[in-house]
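Common to both upcoming complexes is chain A, partnered first by chain B, then by chain C.
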Partner chain A sequence: MDLFLQFLTNGLINGAFYALSALGLTLIFGLMRVVNFAHGEMYMLGGVLGWFFTTHLGLNFFLSVALVAAVMAAFGLLIDRFLIERLRGEGEEPGILFTIGLSIFLANVTLLVVGPAPLKVAGAVPEGALFIGPIIVTKLRLMAVAVGIALMIATHALIRHTRLGQAMRATFQDPMAASLSGIRVARVHAATFALGCTLAALSGMLLASIYSAQASVGGLVSLKSFVVVILGGMGSFPGAVVGGLLLGVAESLWGGYVATGMVDVIGFVLVILILLFRPQGLFSSSSERA
Partner chain B sequence: MPSDSRILLTLLAAAALFPLAVHDPYVLHIAILVLFYVVLASSLNLIVGYVGEFSLGHTAFLGVGAYAAALLAQKAGWPVWATIPAAGALAAVAGGFIGAITLRLKGPYFVIVTLSFAEVLRLVANNWIAVTNGPMGLAGIPQGFLQDKRLFFYAVLAVAAVTLYLCYRFVHSNAGRGAVAVRESRFVAQSIGINPFGSAMLAFVLGAGLAGLAGGFYAHYITFVGPDIFQFSFMASMIIMVLIGGKGTLIGPIIGAAIVTLLEEYLRDMQELRLTLFGLIVMAVVLFLPNGIISLAPKLKRLRPHAPARPVSADRGVL
Partner chain C sequence: MSQTATQPPVLSVEQIHVAYGSTAALHGISFEVHKGETVALIGANGAGKSTTLRAISGLLKLRSGAIRFEGRDIANQPPDKVVAAGIAHCPEERHVWPAMTVEENLNLGAFLCRSRAEREQRIGMAYHRFPRLRERARQLAGTLSGGEQQMLAIARALMSEPSLLMLDEPSLGLSPKMADEVFDVVRAINGHGVTVLLVEQNIYNALDVASRAYVVETGRTRAARPAAALRSDPELLRAYLGG
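Then we have the complex of A and B:
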């Protein structure tokens, strides 16, 4: 039983970062309908930039979080405004191809610049374990999860309670009506893409403070984020969070009780099953296009 | 189009004469790779170009074929002329299974589930050590009577000829025309009695089987098969070939396979830089040449003095 609680905790911690990254993708893929295969590279860039700011330049962790967010938001804005904007309204396929190209490009430029070695992000608190009943958690992990949860709450507030958030919701409900009522749809798209990239990057940076960042990690992260988004339902905020936690726990339990080698299979099996039996995802009521 | 078949036959005839003129083993090796990728790109093109759904799981069939040929040759002692067709048949069966599940889905869902199947197979190949030897892969696959580069060339040429023939027959069959109709407008196609699932399924199984043939050939040629065969970089190469050449045409993937293979070989020394350039090329093609190199052909024809008058009258029709 103690072991079970430990696996559960580990799963929830990993799941929190899946959720954060999937939250970014549910905006880009679920709402904007851009099948973004470069999402994992945004995550990877977040980790590498985090390493650059904290370990390489020796900046404070929280300052670095803000810097990574600013850099990646600007990057996402530019990519959407100058490149993805041109593909809007041409269906999904050009977007898929374009983001595959982008992901190959970003991964290999990063490899050229920083090399394939794992990079460590210096955390905000020292290493050290906390004992909560039978469960052992490191302070570093708790800290990272706390920042992750704060970011999720901030994102939720941004979407629900700000003018930008209102404009986003209006745009993705009905772009024509939104632009008729004076919303600059192109800007909303760019802002949404930027927000999605930022969330992925921060998830990558936080997780790199627990494990490490690596240039080649992007592909698997993209896939898992897609898995979570499909699991939770396209464009659903609670779906992404619950889906992320679910995937984290499922992987942790499978790895703990069955076999560690096949952990990554879980996500793919889940997504195949969910598309067969509940194509609208766990949290969406309407079944569209699946 | 009769001109298509003329071009294909000319290309095949030229390829058949190629080893008589060239003896350099390195050049032959490159030619073998080009033909191998012609098979892969043409088989992927059946799904991407004619069904109009974007499969990112085509490596699944390449890998199934390669592992099947390797295991049949090593453990059951089958000869090469039997293993390669068996590899194709097994991959076609896998294609039937995966297609029956995935072709119910559309757009991004289809993309992700096909990719998921390839990933699952990669993980299985990596972990089912008793059969696949795990990450170490299967080494020392017997080459049988294919003892010479030139014989390998003719073997892969035969596979390519079969591939192009079957693709040609499919595209010009009722099922192929049906698939194109479904691609252009699902509802119109259904309203005139085309079964969208049927024609898509035929293309998918055919594409899978041809990729399996390529995989079987690959196993004997390289004499090694590992889980890497399922990895995404193979998939990326195939997609780029189909895309650069021009999807939905028979000649496009051939042009794409030749260009990309030569480019890959030429840039081999600069590992990451090569892939960086690849990424840039893909983005540029999507933005500036969405229908591939083949879409330039009609424009070239228009520049020639005795081109048919068709484009001109089309222009006038607009006015």
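Then we have the complex of A and C:
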């Protein structure tokens, strides 16, 4: 039983980062209908930039979080404005081809610049274990999860309560009505893409403070984010959170009780099950719009 | 019409051509709307009435032709510029945001208005004009009846305080009683000085509320008549509309 609680805790911690990353992906897909295969590279860039600011430059962790967010938001805006903008209204295929190309480009440029070695993000608190009853959690993990949860709450508040968030929801639910009300849909798209990239990058940076960042990690992260989005329902905010936690726990239990080597398989097993029995996802996006 | 004929029209559309991809949808639509009028575009399904409104509001690009509003060229302007210029377009099939409350729908109708106090004042006016919407303020728009959604769509369009309101098929899918209510609202809005351009398949309703009407046929304007003349001449109507 104690072991189960430990696995559950580990799973929920990893799941929080899956959720954060998938949130970015589901926003981009739900609103822009862009299937972003470069999402994992945004996550990877977050980790590498986090290493650059904290370990390489020796900056404060929270300042570095803000810097990574600013750099990646700007990067996302530029990508949307100069590249994705040209594909708007051309259907989903050009977007898929473009983002696959972008992911290969970003992964290889990163390899060229920082090399293939794992890079550590210096965390906000020293390593050290906390004992909560029978469960062991490092302070570093608790800190990272707390920041991750704060980011999810902030994203939710942005979507619910700001003028930009309202414009995003309006564009999501009915783009024509949004245009006719004077909302500049192209700007909403750019802001959404920037937000999605930022969430992926911050997830990558937080997780790299627990594990490490690596130039080649993007592909696997993209796949896992897609798994979470399919589990939760395309474009659904609560779906991304629940789906992320579910994937984290399932992987942790599978790794703990069955086989550590095949942990990455469990996500695809879940996707096959959900596609067979509830193809719209746990939270259908028709009723649970962003 | 006599007192307005000397002034330049509020909206003038001259020989506009629009295509969806390679398929031409409009080939030569021309008409004018004067201040304070209610003008109807009538014609069979697929004649190009809705396409005309979409071209004016900037949702579609023109191949050629000119659109002038209050003396300014607005052809091929993006929709937000057209709204800012004072034209509101209430689209066919209402297009309210279904998962937002009535109040959120209204609030976003005034998206270009930066002052929160001003927006709240306009929402108050909308509730004054449409008391049913006040009762439903916290309800999701998707749960309203068809007639209530149409009222909300019109109220939302008015939130930008337009000088010209374009209404596309406001009675579509409504009961005759509900349709009458909608047209009463249109008359009241026009009575408050808002110029109205109306697209309507129900010709008799359209001619009842409009002062003039243009007959649109296969992407062209065929005839302009005072609404009363068209109404009292079924032969003429049948000739144009094939009814």
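The rule is short, and it goes like this: the second predicted complex is superposed on the first by the 284 of 290 C-alpha atoms of A that agree within 3 Å, B and C clash if a C-alpha of one lies under 4 Å from a C-alpha of the other, contacts with A are read in each partner's own complex, and residues count from 1 in each chain.
FYI, contacts are C-beta pairs under 8 Å (C-beta built on N, C-alpha and C of every residue); 3 or more make two chains touch, one makes a residue touch a chain.
From a predicted model like this one, the values you see are computed outputs, not experimental measurements.
S.K.: A:Pro279 contacts which: chain B (first), chain C (second), both, neither?
M.R.: In the superposed model, A:Pro279 contacts chain B only, not chain C.
S.K.: Which holds for A:Ile230: it touches chain B only (first), chain C only (second), both, or neither?
M.R.: The answer is first: A:Ile230 touches chain B but not chain C.
S.K.: Where does A:Arg184 make contact in the superposed view: on chain B (first), on chain C (second), on both, or on neither?
M.R.: Second partner only, chain C.
S.K.: Chain A residues in contact: does chain B have more, or chain C?
M.R.: Comparing chain B with chain C, the partner touching more chain A residues is B.
S.K.: Pick one for A:Leu106: touches chain B only (first), chain C only (second), both, or neither.
M.R.: First partner only.
S.K.: May I ask you to decide whether A:Ala154 touches chain B, chain C, both, or neither, giving the answer as first, second, both or neither?
M.R.: A:Ala154: touches no partner chain.
S.K.: A:Val258 contacts which: chain B (first), chain C (second), both, neither?
M.R.: neither
S.K.: Shared contact residues on chain A, chain B side and chain C side combined as an intersection?
M.R.: Touching chain B and chain C on chain A: residues 289.
S.K.: Which of the residues in chain A end up touching chain C in this complex?
M.R.: By the definition above, chain A touches chain C via 163, 166-167, 169-170, 173-174, 176-184, 287, 289.
S.K.: Under the stated contact criterion, what part of chain C meets chain A in this complex?
M.R.: Touch list, chain C to chain A: 57-59, 78-80, 83-84, 88-89, 91, 95-100, 104, 107-109, 111-112, 156-157, 159-160.
S.K.: For the complex, give me every residue of chain B touching chain A.
M.R.: Going by the criterion above, the answer is residues 54, 101, 105-109, 111-113, 115-117, 119-120, 123-124, 126-127, 232, 236, 239, 243, 272-273, 275-276, 278-283, 285-287, 290.
S.K.: Any idea which chain A residues touch chain B in the complex?
M.R.: 29, 33, 35, 83, 86-87, 92-94, 96-98, 100-109, 111-112, 219, 223, 226-227, 230, 259, 261-262, 264-265, 268-269, 271-272, 275-276, 279, 289-290
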